[in-house]
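The letters A, B and C name the chains in turn, as written, and every chain counts its residues from 1.
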Amino acid sequence: MAHRSLRLALAASVVAVLGLTAACGSSGPSALGTASAGGSKGADASVWVMSGVTEDVFNNSFASWNKAHADETFTTESFANDAYKQKIKTAIGAKTAPTLIYGWGGGTLQTYIDAGSVADLSDLASDPALKGRFLPSTAKVGVVDGKTYAVPNNGVKPVMIYYNKDVFAKIGAKPPATWDDLMALVPKFLDAGIAPFTVAGQAQWTLLPYLAYLIDRIGGPQVMANIVANKANAWSDPAVAQATRMIQQLVDAGGFVKGFASISTDGGADIALLYSGKAAMSLGLPSTYQTIDTANPEFISQNKLGFAPFPAVKAGTGDPEDLTGNPSNYWSISASGTPAQQKAARDYIKSDLLDASYVDDLLKIGNVPPVAGIEAKINASSAPEYYMTVYNMVKAAPSFQLSLDQALSPAAGQALLTNLQQVFLKQIKPQQFVDSMNATIGK
Amino acid sequence: MLLLPALLFFVVFALVPLVGAVALSLAHWDGVGAVSWAGLGNWRSVLADPVTGNALLLSLRIMVFSWLVQTPVSLMLGVFTAGHQRYRELLAVLYFLPLLLSSAAVAIAFKAILDPNFGVGSAFHLPILIQDWLGDPQLVLYVVVFVIAWQFVPFHTLLYQAGARQIPASLYEASTLDGAGRIQQFRYITLPQLRNTIVTSSTLMVVGSLTYFDVVFVLTGGGPGYATRLLPLDMYLTGFTSNQMGPASVLAVILVVIGLGLAFVLTKFTGFARMTSDQEGA
Amino acid sequence: MAAVSTVPVSVGGVEDARRGTQPRRSWRLRLGAGRKQRPNILGGLGGFAWLVVIIIPIYYVVISSLRSQKGFFANNPLAPPTHPTLENYLLVLHSNFGMYFLNSVIITVSAVVVTVAISLMAAYVIVRGSGRFVRTSFSVFLLGLSIPTHATIIPLYYMIVRVHLYDSLLALVLPSIGFAVPISVLILSNFIRDIPKELFESMRMDGAGDRLLLWNLTVPLAKPALVTVGIYDALHVWNGFLFPLILTQSANKRVLPMALWAFQGEFTVNVPAVLAAVVLSTLPVLAAYIMGRRYLVSGLTAGFGK
């Protein structure tokens, strides 16, 4: 009868599920490593990496390490960016984090340090095998209060202006060297029916470089350093208000494409405006280059893509060679890992982190590694001019400011994203911005 | 007893964690480090924060607008698809499609469609469709209401369809004999017979739009500015993004209390809880 | 606004109205064959308009999944691609899609079968039973309608880790059942209450116990509601994202919503591939829905006649 078979089905499925999964439960992510098929000996460390283009680079590196070190193997899992950020916090809080923790430095790293969740790597950093391997401006991000807690593991990502050479030629202009040059270009582009800047404003973080660069160019890196150090009323430095004023001037002059606050970063719709000639410039990370390379490679191969540093501000005290962006991504070692797991992680970092084949893999996917002395490899790569520009920018930069939302504490970073978007939308005045941000100091 | 398994599952896997959340509302915790006692400090700061008041107001507007948009549409579609014509069956399947998509899919699709340069506006060359949909603080809330409606009308249509199918045909036949037209039939037969379904659907809709999070978060992130920072978004941004689990748990408790209050009001004051039938003779 | 009647109007009435000579109450009124519906123009237009609104985003999803990333923005977004490609679908299918699919099926079927069964039992008691305990239980379930999963996920995570269920499919099934129960109970009680008391009473007078009343009377009569609830719960578990994210981690425990991750980079998204994954994830549920509709349709159409 119908109901009896229904009940049977119910019972069967419950039993099936229980049977399938009863043996598979475990007591947490870090314990999983010890139950691996390889056996009970060995460290069985774990690592979580980002999915997407870099996944293969990490997988290759750990695979070759595992082959050579059967007693110190790593299990890798990959996660999407936002999913990872949610999961890693939960795991660290429950002391069930993977052995190697992927991070961005800045305020989140500070949170881990304050909670004692990450190990001190200073001895590792001064080890001759590692000393001098990384570019200084990149390695600095992992150093907090003189101690190293994180080491670089990914390409350098400085923000610069990407521009459409054809569009510039159309109005007979050169990339702006100063802010005044930039403001003078705006009406010229508008007259030609071209938006000066394209930006995916819906994502909020894409607006940060404008603020970061302007503050740095006007007041130098010390302004941001004071803010990150949680000095009282650090946002009241005149450079901040000045920067927001200039941003609003650019908005008022029509410097951004119409409807920029609705454009999302998902499919690269903002960059599409650049290579289709509807916008002249985009201020962004090297992912801009990668997006164009995927969506419209002819634009690059026909030499229509130009890149230039952010303009200087006359009468500003900042060095025009200062950078902002993501210096790299970083490995930290979880303090709740077993001694064997931590040792495996240290050994890996000492020998395989950003070694020769790792560097090659990164260059192949278009990330420029933060390693010293790889000029020859860059020249032999698929886009030597561009990669060399990026590499030299980072090598020469006196200061490389980490993206502001990452540099600040999570609470302040979130507040900054919201408030900055309001600045761009002309919803709040510079002084309101300063006051709101001052209220987040120390949170 | 027959009631126990459901009660057990619910209590263990939903209520107990909720108690945990209530406990967290009285603590200082950044999600990573140690937990420390905060007493009512979080409650004081959250209730005094203007962002909270804004979130409550926004959630209220979403609830009202969602109900005003979704109920009439679902009701009419439900009654429409309750008919037995062949083409209505096909329509019912098509109408149901939006509910099948995951929130991530819906958000990605709409972000692309609403793009000012490459979206539906430029596709149809209709300037009126090219607006700053997601960037204009005035427009974005209506966009959110629309997207939520787009996704959830199918579900409520299903409820109304099931309800409409239950209405005895004899009622309509009798009224036709008395000379009733379509509109009169709708007003005097369909609507009253659907009263319980309306309460069910409205309760689920109102409480649902209170907790609605996934699509809105991916679509707007709470922005522009604070324009769509609804209560559940405020909770998420405070807890998971800003590492303030204590205040986030306060917002969660507020959310549950309001939801429960609404559900109570809707079911007690409409006699829903008396568990009597609308059907004649029952 | 014109409404749609669920019952056809007699042909006789229409003809009489046209002739204008005979009263509506025509002896030509007949039940059975020969009934025709007066065309409902406004209803038809409204239905069509809503169809357009529904279809455009779905059409966009399908069309875009057939484009490649190269030249994605080159043409009108709603125009069919000039060089449609299945490369995205192949990419998705080769990224462990089969395993994700299997896991999703396992947890969805388990969760839905259990949820519907226990919710039906609970709804039956709530509607037909009496007493303080029953009424309080209903209020408790009402409370469950508004519990946001994000608020409770961390305590839930600690619980799951503590009982050694972390990274198992069971960790996905059990909380899903817990969270699905309130809404299922609500919908089912709404439906069951409309089953005439007399039917229950007459069976009880014949000596039937609760079990028989439940299986022999309630289940067949409540089929439309059971299918509705089953579909709704299945969708939630199938598309559910938070529980799999926080409560599992191994690649072999992953479910379909995670199939999108492979195409979401740090700053950009491989939109066509993501949409292909979306289409592939949706097709099985669509198939299940179309099959399940038979039970919805076969529900009672003439009311629970006396």
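Keep in mind that, in the parts below, contacts are C-beta pairs under 8 Å (C-beta built on N, C-alpha and C of every residue); 3 or more make two chains touch, one makes a residue touch a chain.
As the structure is a computational prediction, the values presented were derived from the model and not from experiment.
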Among the chains, which has its CA centre at the largest distance from chain B's? A
Specify the chain with the shortest distance from its C-alpha centroid to the centroid of every protein C-alpha atom present. B
Chain-centre distance (mean CA atoms) for chain A and chain B, in whole Å, is 35
Distance in whole angstrom between the CA centres of chain B and chain C is 15
Measuring centre to centre with CA averages, how many angstrom lie between chain A and chain C? 39
Identify all positions of chain A at which a residue touches two or more other chains, and write them in rising order. 86, 90, 93, 266-267, 269, 272
Spell out, as numbers or ranges, the residues of chain C touching 2 or more other chains. 73, 114, 153-154, 158, 260, 269, 271
Of all the residues in chain B, which ones touch at least 2 other chains? 31, 108, 112, 118, 240
The chain C residues in contact with chain B across the complex are 1-7, 9-10, 13, 24-25, 29, 31, 37, 40, 43, 46-47, 50-51, 53-58, 60-61, 64, 73, 76-79, 114, 118-119, 121-122, 124-127, 129, 133-135, 137-148, 150-156, 158-159, 174-175, 177-179, 181-183, 185-187, 189-191, 193-197, 210, 214, 224-225, 228, 231-232, 235, 239, 241, 257, 260, 269, 271, 274-275, 278, 281-282, 285-286, 289-290, 293, 296-297, 299-306
If you look only at chain B, which of its residues touch chain A in the complex? 29-34, 108, 111-112, 114-118, 130-137, 220-226, 237, 240-244
Residue set of chain C touching chain A in the complex reads 69-74, 106-107, 109-110, 113-114, 117, 153-154, 157-158, 161-171, 173, 215-216, 219-220, 245-246, 249-251, 253, 260-269, 271
If we count contacts the way the header does, which residues on chain B are in touch with chain C in the complex? 1-3, 5-7, 9-21, 24, 31, 73, 76-77, 79-80, 82-85, 89, 91-106, 108-110, 112-113, 118-120, 122-124, 150, 153, 155, 158-159, 161-162, 164-173, 176-177, 179, 182-183, 185-186, 190, 196-197, 199-200, 203-204, 207-208, 210-211, 213-214, 232, 235-236, 239-240, 245, 248-249, 251-253, 255-256, 258-260, 262-264, 267, 272-273, 275-279, 281-282
Inside the complex, what are the residues of chain A that reach chain C? 2-3, 6, 9-10, 13-14, 16-18, 20-22, 24-29, 32, 48, 50-55, 77-83, 86-87, 90, 93-94, 96, 265-269, 272, 276, 285, 287, 290-291, 294-297
